[in-house]
Each structure stands twice: as C-alpha cells, then as structure tokens.
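Next come two complexes built around subunit A: one with subunit B, the other with subunit C.
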Partner chain A sequence: MSTKSLSLSATATAKYGFLIVSVLITIFPFVWVAMMGSHTRAEIFSAPPPFYFGDDILNNYQRLLEIMPFWLVLWNSLTVATLGTIGAVFFCSLCAYGFFAFEFRGKNIVFGLMVASMMVPPVLMLIPFFLTVKFLGLLDTHFAIWFPGVANAFGIFLVRQYMVSSISKELLDAAKIDGCSHFRIFWSVVMPLIKPAMATVGIVMFIGLWNNFLSPLIVLSSPDKYVLTLALRSVQSFANTPWGAVMLGTFLSMLPLLIAFLFFSRQMMAGLTAGAVKG
Partner chain B sequence: MSSLDLLGISKSFGATEVLKNIDIHVSEGEFIALVGPSGCGKSTLLRLISGLDEPTSGDVVLGQHVVNDLTPRERNVAMVFQSYALYPHMNVAENIGFNLRISGVPKAEINQRVADTAAILDLTELLTRKPSQLSGGQRQRVAMGRALVRNPSLFLFDEPLSNLDAKLRVQMREEIKRLHAKVRTTSIYVTHDQIEAMTLADRIVILNEGIIQQVGTPKELYTKPANPFVAGFIGSPSMNLLEGKLTQSGDTIQIELDGGVTLPCPQTAPQSASGRVIIGMRPEHLHLGEAAAGAINITGRLDHVEPTGAQNHLKVKFGKNTITATDNTLQDLASNAEVTLSLPTDKLHIFAN
Partner chain C sequence: MSDQALSPAPRSAETSHPPLPETHFIRPPKKRGRRLFNSLQPWLFISPFIIIFCLFTLFPLTFSVYLSFQEWNPVTGLSGMNYVGVQNYVEAYDDPWLWKSLYNTFWLAIVSGVPQHLIAVPVAYLLVYAVRSSLRHVLTATMFIPFITSTVAVALIFYSIYSANTGILNQMLLGASKLPLIGALFAWVPDVMPIKWLTKSDLIKPAIAAVVIWKYTGFNIVIYSAGFVTVPQDVYDAAKVDGCNRLQQFWHVALPMIRPFIFFAMTLTIIGNLQLFEEPFILTSGDTGGVGQAGLTTSYYLYLVGWEWLEMGAAAAISWILFLIIAIATSIHFYFNGRKGMEGNR
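Our next item is the complex of A and B:
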C-alpha cells in the first residue's frame, strides 16, 4: 500500500472516529434517561449506577400517573406546541411575504430592527411579558404561551431569506396578471414553494415550545394546565423524588420530538441550507 | 381584442424620469414592437400597460376606457415574461389553466380550454409534466399557452425569446408570427433585438432614454430613419455615421467630413440640413468595385475583413474615419489594399447635427 493511500485511510479513520464519538455523546443522554426510567430510585442511586435496562418500568409508569396527570399534561404540551407551530409557520410566512413582495417606506429599517431584536436575551423580556399577559387577563391560559411566538423575528427572517433566494419577482407578477389577489398569490404560488423554510420554522418552533419552561413557569398556576416541562419540574420538589418515574416521563416526553424530527429532518436541512450554495 | 392608446405617459422612480411623455396608438389586431437599448424604459412601459405599475402621469386607454385604476386582471391583458415565470410546483395543464381557475371557470370548461390551447401550441403530450422537465422552447410555449387560454384583449411580450438559443429563437419567432396571424390579438412585443422586431411587427416603436425616437413600419424605419439613433439602431451591421459639415462653393454643395475628406452632396439633401451634419451610409449600400458615375465614390484602404460566411464585412479606412461595407462577392482582398466603394446618392442619409 502506498504512503498516499495509507494517509488517506488514516484520515478517513480519524473522521469516522470523530463522528462516531460525536454520535455517542449526542445520544448518550437519551439512552441514559430511557435506562433510568426502567429502574427504581435505589438502583439509580447505587454505585456504580446501572447502565442497562431494568425491569421496573411498569411500576415507574404507575408511579408517574400517581404523581402527575401525565397524559393530560402531555396533551397540554402537544396543544401548545401544535397551535404555536401552526400559527408561527403561517404568520411568519405571511409576514415574510410582506417583506419580500412589497415596497414600502422604512421597510429596511423595520426589517433591520426586527432582526436586531433577535439579539435581546429572552430572559430580559420575562418581566414585560408577565406584565403584558397579566394586563391582558391571560394568566393561567395556554394562549399566553403559544400566541406571542406566532410572528417571531427568527421565523420571519428565515422564510424571507428563503423567498429571496428561491422565488423570482416575475412569478409574483405572473400571478397578478393571472388575476390573483395578494393573499391568493401567497397561498397558491408562494406557499408551495417555501415548504422547506416552513418545515424548518415548524420544527424549530415545535422544539422551542415543547421545551419551553420559563413562559409556562410564570404564566401557568393550575396543575391541570401544566405542560410537560413544568409538571416534570414540579414533582422534583417532592421529598424522595421518584426519579425512575420522572425519568420515564422525561423519556416519553421526548418521543413526539424525535418522531417529528424523523419526518421533517430532510425539509429542515433543505430550509437551513437554501441559498448557501448557488444551484 | 382592443385598441390601445397611451396618452402622455410619464414614469419616474424618485428623481429619475424613465419615460417621458409617451404617446402611442395601437390599432385593434396590430402587432407593435417596442425596441431600444437596455434601460430605455421599454419594459417599464409594458408594465404600465399591464397594470403591474402605475404611470406618474398620463392615461392608458384600452378600447374606449381609461384603465389606469384597473388591476391587470380587470384589464384582461395577458403577458409572457422573459423568464417564462411558470409556476414550478404546477404541471403544464395547471399552469395554463391557473388563471381560469382563479376566475372561477367550471372545471370541465377549464379542461376543455386547456386541451384546445395545448393542441394549438403542440403541448398535448406534455400536459402532465412540471416546468423543470421541459426544454426552454417548451417552457416558452407553455408561457404563451397561459396567455392564450384566457382569450385576452391584449397580448404583452417582455423579451420572451431572449433566453433561447439562436436556432430556437428563429423557430419560436415563426411560431409567434403564425399564432398572431391566427388569433389577431392586439400585441405589444418588447425586445432589444431589432431582427425580432423587424420580422414580427406591423409597426415598431423605437425608444431611447424614455423618449420615442420614431414610430413606423419596419421598412420606414430602415429607409427613412428620423435621426442618427434610429439610423444606427436599425440595420445590421449598423449604419456608418460620420460627422461633418455642409459647405457651399458656387452652386455646388459639399460634405466636408471631420478628418479632411470631402464628398459631393446629393441634390436630395434635406433643406433643413445645413452647417454641422451627420451623414449615414448603410454598409449594404456601399458597393465594392470601380468608381461609378452619378454615385458617391469613396476610396480608402482596407483595414481588415470580418467574414460571416454569406458575406464579408470590410472595415475601410478613409481619412480619419473607418467605415463598414458588406461584400457579397466574397473577394479575397489583401490587408491595406486600396479599395473603392460607391454609394448611390439616394442612399445617403443626412441628419442635422
């Protein structure tokens, strides 16, 4: 074997080694949580901790249902994440279309301000958010969790950039000549062409809403309105926290995300890389 | 089908005036070409006619009605775009039938009209294909089908052939001509290609810097250009334009070209031409050979020859000027050889400078 092919195979080995280690690091917490969900609290805290699947999964499941209305909470999370995602995909796309298709005074300034707003740390907005929600009488409602994000700067920016790179203005003109109203142009011509960007916004929003902890923490107070993040956190204050049940609940709460990613990962990648390489 | 009148149309973008006081009358069924160099405002004018943009001042009159405030749909105009602007997610049939669907035409009628249009344009086999699966010429035909299916009162073409290769362009040009002869819809055709304009249009409007330079039939523009711009724009190779002045000695009027060469001025010189002038000579009217009696004879040295196959373009230097002449006899001429070109006096164009 020549020196060149030896060095090539060494490079390939190093590359695959790095990727395998990265994958293991990424999936370790998921596997670990799944394993912990099948053990008793005592087993979890034994030394060394068990790194295999136990046989206490049914007990943990029963315990989970005792400490929280798990399926109701899961439903709440699904409702919040789904409504927020649908709303965000629709309104971000609509708003992005406005920035893409219309010329109006101050357009660039408004767009710049909107993009700049992404730099503001979300924690800084917590108190104004709480005061606004309280002022509007929306405390302890799911609406207050999903609605504020339906027109967010990230989604608008992403979709608008995608439109700029993939839709020609002549297409909009052709639709106008064909007799479309602006909404019809958006609905029949633009929306089918921005599916990858919409999928990206959708999955990012779904993950964001699913994992959202801070907003539910300051908005929700009734346990029957809790979402998963809040419910799982609330049981940890119990003395003698049933960690097996909590881990099982945590693992079950990850499943919808994993399934969603499985279905939309291709579109998501397409949306994120659109325009990066000239086709 | 309707007539079209543009009455005092002007269009400005900020401080830039793109179109200045445009007046054009287009009769019913007429095919008009708007020609001019890039940036002369021809596409802007088409957008104003279509309703995609609004004029800063002036009226667009379709038939008997001022349509300034009407949408493109209400004007019932159809437009074929340079990039075809086909909807990529729809197949050919959906693309052609889209405007009928928007208008709420019953599905059965849409299918019928799409099928009829496809038959005219030889697209029947392609109806289920997406635009990405079509060649340039096929896409172009779909774009025309989309315009044709709605039976518009006005057809607007915005450089529809400029994305096609030379051979396909000729083929599609013939197709457009055949189609217009068949449907006789009033058509406005924007192009920067004078050959396209000359071959397709009943009349041509030449625009430069937002101003109409001349309106006329292809023959009028070729034989009687109104100014040096039109003279230089129409014809290939371009007309030779040389600056000079008219001088009189006794009864004889002469043209003293910048660079010291003097040519006899024909009796047909316009009365208005006096003092500084620009003279024009079409390369195809300059004949290579012996000096001819009663013609303007120019003797110069051959700079170089540009062969094009059917004819040679001779670049001839005389005085400080270089002019182009066409040679259909394809003679082998040595570089720097002395050549004599003769021009019939009635083929000399004189413009006031």
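Our next item is the complex of A and C:
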C-alpha cells in the first residue's frame, strides 16, 4: 500500500522505526545472554561490559558442569516434558472422544465441571496440589510434575471442540456398523482426523512443562531430580555467582525451544494463542 | 445417514435390528453384560479426566477450604492440624505484609498490564497494514519469542541486565549521556549512578513491570494481528470514501472491530498479572520480596507463608483471598466490557 511510493516520508520512517525498535528490544536480551555466556567473570564485570562474543565459552562450560549437573538436569526436563506431552496428547484425545461420541447421564455435569475448572487460577491450586502430592507420597518425583497434566481440562476441551467441528457422527455410525469397537473407532478413525488439535495440545504441553517452574519448586527437593528452571534458579544465589556459566546455562536451556520455534513458528504461535484460554 | 444405516454389514450381528432413529447413537445391546459394558463405556473413556480431576482438583480444592480454618505445619503430619476457626482470615486482615503484597500486586498488574496493550495494538496494526505479509510473519514471530522462553531464564537474563555496577542497562544509560545530541536528555544519569534497579525499593516494581511487559507484549501482538486480519478491506474503503484518514480509520473502524480480541487479551492479562510470581521471585533472588517487600506480590507471599514459614493453613486462607480478588476483578471487567467485548461492533 503506502510502501509503493518509495519516498521516505516522515510517517514511513516513524512506522518502520517503531517496528525496528520493537524488534531490537525483543531480541536484545537473547543476544546479550549468548554474549555473556562467552565471557569470563572479570570481563562481564568490567565497565563498559563487552558487547561482542568472547572466547571463554569452553571455560564457562566447565564451570557450568561444576555448579550443576547440566546434562542430567536437561535430561530431567526433557523426560518430564516428553512424558507429559505424550500422555496429554493421548489421554486428552481419549477423554474428548468420550465427551464427543457418547450421550450419557451426567455428561453435562461432568463437562460443565471441566469447563469450570479451567477458570480456577493456578495460584489457588498451589497448596492443594502440594497436599495431594504429599498424601500420595509423590514428593520429589518427576511423576508428580507431569502426571497431573495428562488429562487436563483445556486439552480435552480443545480436542473435543475440534472433533465437533470436523467429524460427523455419521462417520462414527458407519464405523460402528462395520463392527468397530469404540476404542477401535477412536484409534483408527478419529485419531488420524484430529491430528491438528493433537499437535496444538502437544505444543502447549511441551512448552508449558519445559518452562514450568512452580510445580518443580514445590515438589522437587533433591538436586539430581531438578529440572532446568529449578537448577538455574538455584545457582543464582551462589556467593560469587559465576555469571558467565549461569548465562551460558540459561542460553542453552532456551535453545531447544528457540530452535523448534525457528521451524514451527506458525504452529507454535497458533497453538499457544489457542492454548491461552488456559491462562 | 439412512443409506449408511441400511447398508449391509454382515459381520455385525446388530444389523438384524431395524434401523434406529438418528438420535440413538448407541444401539441397544443384546446381552446383560454387554449392556453394562455399554453404559460404562463412556465413563471408561473419560475416566482419566475423572481420576485426575478428583485427585488433583476437586479433592484438594475442597480440602484447602477446610485447611484454611486450620493451623498446620506440614512437617508435623496430618495429626498436627489444629482447628482455629476464622483466625487465619482475621490474621490475614491484620497482616501488613498481605496488604503490602496486595498493593504491589495491583500496582504491577496495572503498570505491567496497560502498556502491553498500548504497545501491542498499534504494533499489530502497523504489522497488518504497513508490512508485506511475508515480512509480517517474521516480525510477529520475532516479537513472540519472549513468550515461549521460560520466565526463569528471562528473569535471570534481566537480573544481569539490571545489575547495578556493571549491568548493561546502567552502562547504556551512561553511554547515552555522553552522546553528542541526545546526551543532554541523559545528563542526570552520571549523578545518580549506580542505579540500583533491584535493590532500591522504589525501583523494584518498575523493573519487574518492564520484564513482564517485555515478555507478554509479543503475545498480545499476535492476538491483535489475528484481530486486524479479520477486518474486511471494504469497511476501510467505505470509511475512506467518507473521508476518514488513516488515523481515523484506526480509531473509528479498526479498534471497534477488534473489540472482542481486546476483551479476550485483557481478560488474560488481568487474570495472569494478578498472579505474578516467577518474575518478582527471581528478580528479588527469592528473598522476602526484595528491599522493604517492594517486590512482594500476593502469590509470592503465599509461597513464603506456606513453604518458608510452614504455615499451610494461613497460606490456604491467603490463596482464597487472592482467588476472591481475582474473581472480583474479572467480574468487574466482564461487567463493564463484557457485552461490548463479546459481541464486537458488527
């Protein structure tokens, strides 16, 4: 539109200036953390701090391994996020099928309860969640972090809505007449048709679990069970914090999602904005 | 439908039944065991939800109501519970730290919430109407990145950026004060150095708010872009014919049309911002809310009471107070903006 006239008018400059500044402010901290991960402590604390990539990455990496079992912690994060994601994709779809394919007494009550539970703010659940985990003897286990999310209201709701909009009940009837059991219908007929919704649930769950801090904070206590977020936070309070190492660890902890975002930005943005209903 | 119902399917014994009316989805079973199975089957499918819901939502929520009337240190085990009536609530009412935390929560909710939208709406508008669509996605996606990174990582990065003596923020301010033309604007900087962003009580909240704005504005931009894309071009054309310039089109056409999106995004901001925990927690390095509890939000305080001071009953009471406040704030928002917000202006 207005770009056609190549005259760099004041408004165009203002427009693009505004956008460019926004982008720069957005990416600056990422560039900054990557740079800091490559400097010694002395360089970081010199004034002015170095705004270029240093050559101390390997030393910082050594220090990082000294202050936390980085790869173990990364592995823990990966396990928690993967198990929770697979579980959620499967069980949310399964429950969604239950709400979609059947008419039964009490369905509306359960469905209503489910929708209502999406409104409960996470903070309110903090203490109850801790208590349940404690009663079940699940304190300091990864299970307690990923399991409660595998049949979450948001995921079920999302998949169920998708089923309603994309699968006709005639199709289910046809499959039934061919002698399919309901599980068989779910597995071979419905699942292939709801892949986009499953992808959305998977993306939201994986990112949520990878970045999760609150439940690890109140559930995990032994350092070898820590996930990335918790481990990084725990080295923050060290005396003489080796900032180069901490910044390197922080950067590495963000890297998997950043790389994934490079390839799947559309899906991730669509999924997370749809998933935002959960808050 | 009837075609399918009548089509021969010899493998199924059920085809001997006459075709059922469309409303009957589940066919009447023959045997008793089968009937039981059929009536239980839906429940089997939704059982994962029921189990987890009862275990991790329904029971604990109910229990936390009960708990809020008890005095309980979780270390003592269940037998250590003492019924204290409404004492937890009374003490919460008299607790200056709770009031302080509520003040901080609202301060942060507003100061970190409003700018998100004031920035996101014009940026989204520019992205949709002034940028080619290929470039638009790259820019939008870039601005979205903070949203997918963990709050802990983000807060740690800003923790170093805010560092008083050597943080890049202070260094950049110093550098700006030495620049030729705009230096005059920053002439005050050298006098106040080093600015202790995170250890001076009146700077903590703005510092936290900036991080929150940085992290969530991109998310709102994506929502608003989606909103502006839905506005049909001919509406603008009509406005242009009526003599609206670009700014008037934005104000009188585009904004009213994306009202539902604004309503949605604001709802998320209100609910989310009233629960801020991780940003203040990391930026005050998990202390008691920073100097003078200036960074202590209510979620944060709730954590301190429950897990640092081990008073679970009192923490439960605080969590219900916070819930009530969130519910009231959301209702007020729905009351004033709900109708217009949900219907839009079409």
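We take it that the second predicted complex is superposed on the first by the 219 of 279 C-alpha atoms of A that agree within 3 Å, B and C clash if a C-alpha of one lies under 4 Å from a C-alpha of the other, contacts with A are read in each partner's own complex, and residues count from 1 in each chain.
Everything that follows uses one rule, which is that contacts are C-beta pairs under 8 Å (C-beta built on N, C-alpha and C of every residue); 3 or more make two chains touch, one makes a residue touch a chain.
Only a predicted model underlies this, so the values are computations on that prediction, with no experimental measurement involved.
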First (subunit B), second (subunit C), both or neither touched by A:I127: second
Contacts of A:K176 with subunit B and subunit C, given as first, second, both or neither: both
Which partner, subunit B or subunit C, touches more subunit A residues: C
Touched partner set for A:S237, first subunit B, second subunit C, both or neither: second
First (subunit B), second (subunit C), both or neither touched by A:V189: first
Residues on subunit A lying within both footprints (that of subunit B and that of subunit C): 170, 173-174, 176-179
Contact set on subunit C toward subunit A in their complex: 1, 4-5, 7, 9, 11-12, 14-15, 25-27, 39, 41-46, 48-53, 55-61, 63-64, 67, 74, 119, 122-123, 126-127, 129-132, 137, 139-154, 156-161, 165-168, 171, 174-175, 214, 218-219, 222-223, 226, 268, 271-272, 274-275, 277-278, 282, 285-286, 299, 302-303, 306-307, 312, 315-316, 319-320, 322-323, 326
In the complex, subunit A residues that touch subunit B: 168, 170-171, 173-180, 184, 188-189, 192-193
Touch list for subunit B against partner subunit A, complex: 47, 50-52, 71-73, 77-79, 81-83, 85-89, 98-99, 102-103, 146
Parts of subunit A lying in touch with subunit C, wherever the complex brings them together: 1-3, 12, 15-16, 18-19, 22-23, 25-27, 29-30, 32-33, 36, 44-49, 51, 91, 94-95, 97-99, 101-104, 107, 110, 113-114, 117, 120-132, 134, 136, 147-148, 150-153, 156, 169-170, 172-174, 176-179, 182, 186, 207, 210-211, 213-214, 218, 228-230, 232-233, 236-237, 243, 246-247, 250, 253-254, 257-258, 261, 265-266, 268-269, 272-273, 276, 279
